[in-house]
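Below, chain A partners chain B and then partners chain C, in two separate complexes.
Presenting the complex of A and B:
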């Protein structure tokens, strides 16, 4: 356990600068975007009020206050681009977390594989690190949203702008509600599926590292096989998803298939790292 | 352990647990307005199975919710799994919900909800199947899937009943199923006509009664109960089976049929327009094999359907601010006594009053602007047994604001 935790610590240490960079980019871009759009909206309203010889109070009476939900939607790219960057970065890192051991400045894999610890600890430490990074960025977004809401109100004032509840905000935003589902059960389901995808990514890398070119073919075939296996309920003759199973049963079957895929993938990954990967 | 060395690795999971944990604890504990059906007079048990669905409209966001006597249930607080457990229609009809809960295997994959029948002896399901690969002109040969289960022995039967003469139709739909001994009676509506009729949208509709012999596993009789007719002077007569009672799975001796008389008008583009002239109703009685005229008032467009409660046809009209309920006894072919339900909401209109008849109970949901009322009446005694309103928690100011945010659409009965 101690060795596993030390390996997790080691993985965190090696990625923390990148994680910090992603966090900073998210904070800066989102806050700047919100501030920019707040000022832009305010000046649009002031210009309109001036040209109409009206008042802000009359404008608010007619159009209502500009909520943070609206502000976030207006900021658009400034909010979603860093999220996409974080997702892209972490997806890439699922592969890099392995390849850097071979192709880094000093090929670290020699030392890693000769450590006096079970190789499964290396595998699970890398997996734990990836999950931690994902959850850290999700947590950052959760902390950031109320801060951005405060910033929005501070920059715009409460005459024209109004604060939004974080739950309303997330429920109203398609991307955010996908990253932060409405209930904890949904969170476990979504990120459980994501975790299985990470295991599959790991196995694909280890196949390639074990068998080189043949391994790439094997990895592609494995991913295709997983896809077919997961779609089995739909592919079975008789259109059973409509004619036989209740939705909840279909979901249960998919969850069970997902667990089978996870178990086989982890077993294969551990088998490869313990028996096949050589340096 | 050197904590200073590991501080970031310790802080990271702590940050994750606190940020994500706090959010989900907050989401679960979130105090959304709790709307409920509150009793004004009568027995609260009468409204225990009533559910009203709608939404709360806050600025920029709408939350779907269901309001019952015990309070509100918000979709946003339900997980994907919870939502999958609720199959809307089957759960919202008491007969189907009961059938689904008690006989999950039997209802599995059966989507023609009007094709279910249940009594103390057996369960039946019937649904029309369109044949594949033979619809070059839009017509197909149909068969009817029959599924039965003996409740005592548990014996099941599953077969395809071929229509006598293998006719081809444009559509066929089973609207009602009744069972007696080893025979089933299936009331079905079909559409037929030429390819030209199909192109012009003037297909002829027919109501058929199929008799299925469960021992022979086939249709032994096909009887035409009513069929669309072209009349003199460009008039036409149409027939339609009406499903209006919530307890349609239970045995019933009657099926309501709507008859409408229309004036047909040829349009310049070759299509035909139909202008409604009058509507009236008929009841088919299975035990007597007769079609009985039901002399009740019907709106010309035939949209305000009467409701069937065992052998009574119930119709509604407005009298001042009262819902006037008329009852017609089909078996005796005579008008029964009528009764009035005093509505507490002023300016009530029949078009915004929703009604459900289930057993001997009439459930009424009335909406006037942002105000709502719920009434339950005993149709045999002609008496209101429950009157309720929608209430919400909070102080007077909060209640007013919350009621303003609420928009209810419709109601249903759960099991």
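Presenting the complex of A and C:
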């Protein structure tokens, strides 16, 4: 346990600079995007009011105040691009967290695999690190949204702009509601599927590291087999399951299949790192 | 004692090792000799559980290799295994954190002997100093067995002499050492036992002192006999 925690700490120290860079890019781009769009909207409104010889109060009465939800939607790319960058960076790191140990001038994998601790600790430390990085970036986004709302109101003022409830904002946004689920069930579905995907990624890497070219073929076949297995209820003759079962039953079946996939994938990954991996 | 019993391994269609068997005793220096690609490094990796073997068994003091044994046996590969951005001090701290067998006093002694600067980064070390740090990280562990893969490969003469001198010191005494090397001249007089490998097979295994006394031959003489027919 002690060495497992040390390994988690070790993984964090090796990625924290990259994580900090992703966080800074997110903060800067989102805040700058929101400020820019706030000023742009205000200018558009002032120009329109001026040309119509109207007043801001009349404009607000007719169109309503511009909410933070609207502002975020207008900022679009500036908000979603850093989120996509973080997701892409972490997906890439699921593979790099293993490959960095083999590649480069100094192959750290020699040291890592000969540490006097069970190799499953290395496997789970890497998994825990990925999970912590995800939660760190999602946590940052969660903290950032009210700050951005405050920034929005500070830059625009309350005559034309209005604050939004953060929970409404997340519920209205597909990407944000996927990352920050509203219910426990959604959390289990989203993060459970994510965790299984990470385990599958780990197993794919370990298959390749154990059997090289044959391992790549095996990894592709394994991923395809998992896909077919998870789709089994849909692929059954007559498509009975989709039309016949209640949503909760459907969820239960998929959750059970997901658990089987997770168990088999973790078992295979641990077997490979313990018995088959080659340095 | 390390017992390698009939291990075999294939890379693709090529047999790297076929029925390789030998033993290495505690308190002795056993040298694996053979040309490049003969499977010397693979044998060391197999002993450490860093590559699976297709057949045969490997026992260390009667037990198969497992993570618990890494406090009893260490492997010093032919290149440094620590990340390039780490300092020498950080490398030693890392070892101290993970290995119960880490001997801080001995590490400091070795760092002084090799004149390694604790603040230097691994990536900035010369080839000779990187080899010395690699050796330090292995030898500062209070382990029973040390496996070294080509410790003299590609380093300058003075570093070679300094590393060779380690073999006559208390740092090696009492331990079982398996070493692979091309530079047999540097340590020929220190070797207790030789295992000559060719085409994945053990061509000959002998005690150097025995051959010297009974046949009047040096290690080089036996190597010439075996490899040149």
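Here is the rule we use: the second predicted complex is superposed on the first by the 274 of 279 C-alpha atoms of A that agree within 3 Å, B and C clash if a C-alpha of one lies under 4 Å from a C-alpha of the other, contacts with A are read in each partner's own complex, and residues count from 1 in each chain.
As a working rule, a residue touches a chain if its C-beta (ideal position, glycine included) is under 8 Å from a C-beta of that chain, and two chains touch if they have at least 3 such contacts.
Since the structure is predicted, the reported quantities are computational estimates derived from the model, not experimental observations.
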Which superposed partner A:114 touches (first chain B, second chain C, both, neither): second
Chain B versus chain C as contact partner of A:135, first or second or both or neither: first
Partner touching more residues of chain A, whether chain B or chain C: B
Which of chain B and chain C A:92 touches, first, second, both or neither: neither
Chain B versus chain C as contact partner of A:231, first or second or both or neither: neither
Partner chain(s) touched by A:84 [first = chain B, second = chain C, both, neither]: neither
Chain B versus chain C as contact partner of A:69, first or second or both or neither: first
Which of chain B and chain C A:247 touches, first, second, both or neither: first
Sites on chain B touched by chain A in the complex: 6, 8-9, 12-13, 15-16, 18-20, 22-24, 26-28, 30, 58-61, 63, 76-82, 84-85, 87, 104, 108-109, 111
Complex contact set, residues of chain A against chain B: 8-9, 12-13, 16, 64-65, 67, 69-70, 132, 135-136, 138-140, 142-143, 162, 164, 166-168, 171-172, 180-187, 189, 240, 242-248, 251
Chain A residues touching chain C - in the complex, by the definition given at the top: 3, 6, 10, 14, 104-111, 113-119, 275-276, 278-279
Complex interface listing, chain C residues touching chain A: 45, 48-52, 67-71, 74-75, 77, 79-84, 94, 97-101, 122-123
